[in-house]
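Below: a set of structures, written as structure tokens.
Paired with subunit B in one complex and with subunit C in the other, subunit A is shared by the two complexes that follow.
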Partner chain A sequence: MNIQAGRKFTRILGAEWGKLVTLPAVWLILAGTFVAQWVLTAAYTSVALQEGAILSAGLASMRYLQAGFMMLGVTATASEYTGGQIRTTLTALPWRGLQLSVKHLALVMIAVPAAFLMAASGVLYASLMLRDTAVGLEPDLIAASLAGATGYLTFTALLGAAAGAIWRRTTPALVILLGYYFIVSPLAGAYLPDYLPDTAGYYMYAPPSADPHNALTRMQGTGISILWTLLFITAAILLYRKRDA
Partner chain B sequence: MLTINNLVKRRGTQEILSGISFEARPGRVTGFLGPNGAGKSSTLRILLGLDHATSGSALIHGKPFAELQHPLRTVGAALDGSGAHPMRTGRAHLRWIACAAGLPRSRVEEVLDVVGLTKAAGTRVKQYSLGMGRRLGIAAALLADPELLVLDEPVNGLDPEGIRWIRTFLRQRAEAGNTVLLSSHLMGELAETVDDVVIIKQGRIVADGTLEEVTGSHSTLEQAFFALTSEHAGDLR
Partner chain C sequence: MRALQAELSKLFSLPGIWLAFLIGILGPAAFAALDCIAEKEDILAGISTRLPEVGFIGLGFGVQGVILLGVLAVSSEYVTESSEAGHGQQITTSLTAVSSRLQVLLAKAAAVSVVSILLCSLAIAAIVPVTRLILGEYAPAMEWTRLAGATLYWMFTALIAFSFTVLTKNGMIPLTLLMINSSLVSFSVLLAKVTTLAYYLPDRAGIDMFMSMSDAYHTPLAGGLVMLAWVAVLLAIAAIVFQRRDVGA
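And then the complex of A and B:
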């Protein structure tokens, strides 16, 4: 029975992985995000030459990088509804809750290395450019910030995937997510609590704050981000199971 | 064996299916006929677990589709269109389905050959004609060599050669002991292919029997169909 369950899981993961890597939009989004990240990191690093803050300069493009990972996530799930592919998916893999969960796992397998490469290359570039002016950084702090950045971008992709599954179309899911992250949150940030997905996620990779009374710790930011991600994925799975395809 | 039992589907205040029941048996091609909007696709979607029934059941070997241990090896289904993302190639589409069924990649090449898509396998699906899209959908249905075939309007978009091929193919599948259920609104295309006929009109079954029984005193299946489904026809079942 366990062997059968294991085989079933492996087949679903293989199928979902196959779907993701053969979709040109996935690679276009990743390539576009990588190029944008390099351009932005170069710009932020040139501005930061006087300050010598490697981590701030290296991870300054995170705010924009998250848009790419949102698109990646939304594309992963909303693409099911293009060309009637959802019918094929559900006749091949009719276990809806398991299939959508494993699709999120396949997305993690792409998002984690991509997010790490982007975050690490940004920090590496900044450290090379600022090596003469920057103060030395603790390896532990760099590792924690990179792990936090990788985790945050991965959670953002997962939130995007859940939104894509909920709205079932790319445009409305992206308009709602980008509208919140890039319009509502920046404009109303002062009035919004720290535990919303973008602000809590910020503390996953940001250097420790000078004002500890007004900030979450890295662990708190991570915990809250995990809860948001699980909440969205759970809502997506419940709707997916309940609705007609 | 496919068993539809007292199936009801409502969307809002509209009743799409009003308690329909019929069976599709092994070794026979069952034609599920009706005008557009009669409820054929809704029935097949519920049978395949895509839509939920309001009440009643649609079972495959006594189980709902979602409870099948090996869905692709049990039922091969092709609904309208290709069922593939337009930006993926035909081969990539079949490969992820093969992976889902635990089949080797060589099987993909075999079905591509069977449906005559080998040369177009590396082309993105968005560049396929309607007929090529249908062939890709049928290739996906055949991939795991299933015991049952469920095809929605299989001859739509096929050229005369394709229609002839699918007729012969479906007959061969049934003669090998498999169950074939196909829906259509084109009577002329089906009369030479089906053994049993189920006719649906406005969400109700109005005829169910062998081809001879349903045709009855009419000269053709097409004439029987129009007599049964025309505006003033009563329920002759």
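And then the complex of A and C:
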């Protein structure tokens, strides 16, 4: 069957999109993350009210939100391996590299709006609650932080998807990602360099540091995060092409 | 007894169990080592305020291994095999072999408890030489009561993960929530800043069994009892749901 390249691409994208949005787990994860985001932002904001700390309460829950996006990414790729769906996929689309890249693209189409909504609602809630105490924040800073937060969550989802494709099972991929992001990194943070995925990503949405010598700029953080994401996706695609499905 | 034996054999033949052992033994030792190195100067100078916690901190953060254990014990039963293997779930086989559902659940819970106690003993056996090696004669003495508290904390955590997974049938959500909650950025610690009720959450109460933190809220015994109550309630809910639920659903 001869299909034009462009048409082939849109068909694959349609198929991957269809598989992704019909997974009940995807919607459960997104809804759960949304609820968690509200509860956590409310908690952070009330702490900020007591302590009089100024904003960033809106983005304080990012730490936890990233877990939801990791789950989203891991589910997107690892779900192919429960029950042998992967063999149907590869029979229909025998172009492995293209198929996996397009899957990541379909994931971006879900992750970006979800990440933006969550980050924006957090900041909105915090700024409403802290209206009286917080000094005015420049709109530029808010916009940049929101863009950074959206980008960071999307990159995290992509990283999760690549990890899911590498380990091909939900549990080990999730344990390794969560173990690094939540256990190793916070505990051993002082001994680890700044250019690891979570710390570099932090600078994408964090307000500019008071001490510019010790911190990365927003642009440096973004660049390093893109490199990590691409590295993981490349590794996933290479393994995917080599390995028996 | 034979049901327990069967559950133990199923547990030890899971591929993920080795990840749980690896995390459960090396993790605590590594955290204890990092903490000892960070605190070494203060301890040698005799000004450290955290001496009694050194070493135990590894046991506080090292519960990841038993969380994975408790989750895997249940979620592995519900994994759907590939279509080549007939789309089956192990749980149907388990319930055919042992027809009392309560017995299956209790045997499984017992197996998880036994393995988590084993895992905690191994972790303690790894932590003690590590602290000795780094701190030498300054290494804190490990009292038996606190070690027993830590072991109970591990077992209760594994059982909470276990009953939580019985309810969700899928490992992802309990794994994520519990792993994050036992980390440095725990939800409970955050909630404790908002309301003192958060001190009655299982992990927050249970940790008082062996960590003498400055913000300890319960006595070790009270903390243990609060956590035990959580475990009992969650197990009871899990048992009722497991009894009544259609397995295929």
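A few remarks follow.
The working rule: the second predicted complex is superposed on the first by the 236 of 245 C-alpha atoms of A that agree within 3 Å, B and C clash if a C-alpha of one lies under 4 Å from a C-alpha of the other, contacts with A are read in each partner's own complex, and residues count from 1 in each chain.
By our rule, contacts are C-beta pairs under 8 Å (C-beta built on N, C-alpha and C of every residue); 3 or more make two chains touch, one makes a residue touch a chain.
Quick caveat, the model's predicted, so the values are computed rather than measured.
Using the contact criterion defined above for the overlaid structures, shared-chain residue A:245 touches subunit B, although it does not reach subunit C. Looking at the shared chain after the overlay, A:217 reaches neither subunit B nor subunit C. Residue contacts after overlaying the shared chain place A:95 against subunit B, while subunit C stays out of touching range.
Judged by the touch definition given at the top, the superposed model places A:234 against neither subunit B nor subunit C. When both complexes are overlaid on chain A, the residue A:11 reaches subunit B alone and has no touch with subunit C. With both structures placed on the common chain, the touch criterion links A:71 to subunit C but leaves subunit B unconnected.
Contacts of A:19 after superposition: subunit B is touched, whereas subunit C is not reached.
Contacts of A:83 after superposition: both subunit B and subunit C are touched.
On subunit A, the surface patch touched by subunit B in one complex and by subunit C in the other comprises residues 25, 82-84.
Residues of subunit B that touch subunit A in their complex: 45, 48-52, 65-66, 68-69, 71-72, 75, 77, 79-89, 92-93, 95-97, 99-102, 125, 140. Partner subunit C is touched in their complex by these residues of subunit A: 25, 32, 40, 43-44, 46-47, 50, 63-64, 67, 70-71, 74-75, 82-84, 170-172, 174-175, 178-179, 182-183, 186-188, 190-191.
Remark: subunit A residues 4, 7, 11-12, 14-16, 18-19, 22-25, 79, 82-85, 87-88, 90-96, 242, 244-245 touch subunit B in the complex.
Those residues of subunit C that touch subunit A in the complex are listed here as 16, 19, 23, 27, 31, 34, 38, 61, 64, 68, 71-72, 75, 79-84, 87, 170-173, 175-176, 179-180, 183-185, 187, 190-191, 193-194.
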